[in-house]
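What follows is a pair of complexes built around subunit A, which joins subunit B in one and subunit C in the other.
Showing the complex of A and B:
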């Protein structure tokens, strides 16, 4: 009995400390991981819209550079899919991908063929099909050999300007809502709040980490692999602009940052995460295949598969080690229901 | 036809050695549920009314729901979406007797239903290149042969059930478009439009939809009372607070009725219901939320929430004497809404999504 009581005391003490640690961790994640990413996204998108006003030529280097920088900022924040990004379908308006049935090129081709006047005003552009908005639509306008040369050049120019303004407006709204409203909700869980307890906040952050890893493994990496008999290199993300591998790199960097903050810098678990992330990151850096076109050959395919398995291993680490530590290690229905 | 059936049932019956087996011969399982095992394998289990596991049959992958064949102790366990297998199980011998594979270009959603006479099986499927829901029709007597395919009346059909005493099927078209090449990624949240579709013999007889403001409330699962009232549970895909997670509908009524609950109680469910069931009284309905760790019970006549129970990782729910039986992903069984309420361990089983009540020989 005494032994049981002693064991209970040992168990409860760290729990009280853990509560303080949890609050500090959430504050760190919100202030140093989340807010800077959405600020950066809004700034770079605003810059992109400005550049597009100056030069809307699809091949113009300043436009492509600004596009790449803004897209980078989105990918680095793309795992944070809750709250302001989900309001009014903003995340979808920025990133309509994967587009399994090719809705994006179809809608863009229709707009260009019809010279639809909706492309003249950014506020109205928010009403076009969501497939014709955001970074992936812009990639077609700037890099796709057919779409980027289709129809009337003046109209296409207007389309590029309007689409970038639309992106700028969406990202500004996300950043504003995070700063003015949602950060406070996460930092102050309350029984009548969006988050009723610290545990629910931890669960949200944990879910961002695990679903972010899942998306990178299953969609960014596995999807272009297709099957061994039928590799699908043109299903790689943003291959037209040569950004497929870069997106994996950016997302892993972002998820690594989040994992370390959640595990606690300097902890054994944090170093386990660093090791696990480094496994995929170093292999990706050595891959030298920006569009994952190598999936079509056995050798290249294997190398990408190894990276994907490395990401799956990070997921396992998060599920088996980080989840229980945060007290969010619920059964598989709560994290993965249907 | 007769030859096929005889062949399917097996030599024992054909030889007339024993009478045609019924559900009562199988140590009377009251429920079926898919589970994950500690070693990472998956199984379908038969569970008794006392909430004890009677048998366990291996599955080739993660299961979801199952359908019990009326008139005979046979069940079909379905792969979780986007899986393509379904396993026919002889609950008398505890063996798999056949495997169904979704046709090229289709995958299962995890649910199915039998016709009243048990001769046809209907499965919810995704025609993923078209992004349209389908109902696969299988000839049971011929050995589960795929014979036809119907429109489900929407996108992303999930649960499918039959109105008792009829061959009217009800399909929960969840509205969410997915494509297996992008796993479970939701492709059409901004434009999704869920509905309940009533189908007989390949013809959509009625489609009941939610008001436009609720178009992001994915109608995913259903429970049907013995009198044919459909209770449907939803999963909210919108950003803001959800206004309802449960509704009822009766075939012929113009629009569904949404059940009321305090905003607080809905928020506690995290916008998500995993399973839904009627109590034996045909009036109370229980909904589970693994994300909220809650089971909530509604009075469908009064039209509002009456009680909430904390059950961590609550997953399957089905009717039980006086109330409900609930499973959890942490491996426990619960009795709720009845006296006495109880909780018991089930040991090594991690229960998945659903607890399917077997209604013996009902049509």
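Showing the complex of A and C:
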């Protein structure tokens, strides 16, 4: 018992002032980082569904623009995988990727071949496989040469409309739950609450940062590199719509914003984070390879590897500097395991 | 000496508990003893499978095939309970792909139904069919597969072309060779391979029965030798045991990393929730034998066993000793109760999936789109596993292990980073 008390004392050593600072930091992250991202995602998804009602042609510029904007908003929020995004599989339904067994084209092809009537009603569409829902399925419907021209055009049009409505409904629900319920849970930890202490809230936010960095380094950047002898350019994220590098850029911007808020603006650690992020961001900006197709050649591969190593360095910084400062470790995340 | 470390002041002993303090080193001993027992049981069960496979090949018959299947199912019981040792113990994780890799593109090994399709975007060898191909080209190299040997499987075919789903060895390759593809979709029923796939002469069905038998034999022999190796790593003086016992803090962190990573990312996420959300019967862990309900159940039991320091061997004897539970109870009895309760809740939920599947409502059916009873059953398990992971994190904090990065993938990529 005494050991625990001693431990608590150590963890909260700068005591009252630090506790106040932590609470203010959480408030800042919730109000200025989290809530605006989910509002933006819901607004743009709603707009996408509206546009799809007007024009459902896969190649229609307004539809592709609205799709790109909504997808951008998702990527900028995609590291916030807890609470409302995990309710009812919402995040999975927005973003099933990577898809190593090709489930997305398989399920979409089945729906189109069968003209499955489940695509007629958005509420019912929530029952289909997550492989056929969300932004990555929509990419196949808009950009894949085979899927975007397969079968009956009227059915495909309906599928695009329903899939966008499904996305709009999911993102609206996430935004609503954040505003009406979950923000308050994070701001008011209580012994009988979702978060029992400020420390558990800090751990959740810290985990979002580290898991987001891990996903960008390992899945967005490393996976397409494959091995030197066997590069895997078709494993790049959203290469069909030319968005692979853009997603890395958007995610790094979002994670940078979160890291600075958690480190405290103006602190030495914040400026270390800025330097570390800038390393990968500037190299990415100069890369001029939107789909990472360069992994197939030694030169291009090296340039992407350097960016990836830069992101790993940010992870190390977070683990070694930010974690101890907040008194938290990363805990377990959904990427543990295979 | 250890006691003085655990209890900084004499007052604590008087206040907290009349019992003797739990030694961290003893907790680690129990953990290693249970690992040794589990891998030895896995080996014994695999040797029984080996005898059954030999008998099937020597005298093919329907009962001989059934005996081999029964031996495979029995062999899974102890093995699945070892999975909690995988994460955190680099030596296990580096090895486990040989014996338990999944999911597999089974067309690499043997004939498949037309609906399986051919090579995929990710895997050019998804439909290679080694059993029918004494010679083939792999990544530009001509391969002589006229003799199917353990070496061919482990050195040439395993992860051929750098693709993980080219699973050539282990339990699931053997499972496919015994059961065949499950073509029942979301209906009940496992794979239905005929015993005549191993028959001699004119009775042979689907061709190459001798090569199929050779493959099954090679894969089973490999499984036995791989398990022999791992059992030795946990015996006295073995490398895995030595590593765990070398440092008390990192040793305890290893136990909890295994419990948390298996509970959350692997079982709740990858294996259970993803399959449900994809509505895909191929996402079952043991899709050929329809044994997935047992995989989940025994995985969960392994996590509980790691915390409670208890394991029932396949001959019924109990292995037990000082446990994490004892250690947590000493300083934080409330948290220990919470942890035990949540582990029990999970086992109850996984037990419901198991009993319902055994009563005839197959795991494939539970995964079907719109099947809300099945969804509730599976989500009950998922939620139990997620809840227990939060308690595992609290235990990490309570034991003051939380300045160590315990993120599972860190421990896999760079075990030294975790234990620095």
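FYI, the second predicted complex is superposed on the first by the 315 of 338 C-alpha atoms of A that agree within 3 Å, B and C clash if a C-alpha of one lies under 4 Å from a C-alpha of the other, contacts with A are read in each partner's own complex, and residues count from 1 in each chain.
Assume a contact is a pair of C-beta atoms (placed from the backbone, for glycine too) under 8 Å apart; a residue touches a chain by one contact, two chains touch by 3 or more.
Bear in mind the structure is a predicted one, so any value in this text is a computation, not a measurement.
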### Message
Applying the document's definition of touch, where does A:323 land relative to subunit B and subunit C: first, second, both, or neither?
### Response
second
### Query
Touching A:223 in the superposition: subunit B (first), subunit C (second), both, neither?
first
### Query
Is A:210 contacted by the first partner subunit B, the second partner subunit C, both or neither?
second
### Task
Could you look at A:127 and tell me whether it touches subunit B, subunit C, both or neither (first, second, both, neither)?
second
### Query
Is A:192 in contact with subunit B, with subunit C, with both, or with neither (first, second, both, neither)?
first
### Task
Considering only the touch criterion stated at the top, classify A:234 as touching first (subunit B), second (subunit C), both, or neither.
second
### Query
Where does A:56 make contact in the superposed view: on subunit B (first), on subunit C (second), on both, or on neither?
neither
### Touching partner for A:92 - first (subunit B), second (subunit C), both, neither
both
## Note on the structure
Of the two partners subunit B and subunit C, more of subunit A gets touched by chain C
### Message
In the overlaid three-chain picture, which partner chain does A:102 touch, first (subunit B) or second (subunit C), both, or neither?
### Response
second
### Common interface residues of subunit A - those touching subunit B in one complex and subunit C in the other
89, 92-93, 100-101, 130, 214, 218, 226, 232, 235, 330-334, 337-338
### Complex interface listing, subunit A residues touching subunit B
83-84, 86-89, 92-93, 98-101, 130, 191-192, 194, 196, 214-215, 218-219, 222-223, 226, 232, 235, 330-334, 337-338
### Query
Touching subunit C in the complex: which residues of subunit A?
1-4, 6-7, 89, 92-93, 96, 100-103, 127-131, 199, 203, 210, 214, 218, 226-227, 229-230, 232, 234-235, 319, 323-324, 328-338
### Query
subunit A touches which residues of subunit C in the complex?
6-9, 11-12, 15-16, 87, 103, 120-122, 139, 161-162, 165, 260-267, 269-270, 273-274, 277-280, 282, 331-332, 369-370, 389, 392-393, 396-398, 400, 402-410
### Message
With touch defined as at the start, can you tell me which subunit B residues reach subunit A in the complex?
### Response
36, 64, 80-81, 110, 128-129, 131, 179, 181-183, 185, 187, 189-191, 220, 238-240, 264, 267-268, 272, 274, 290-291, 293, 312-315, 328-331, 350-353
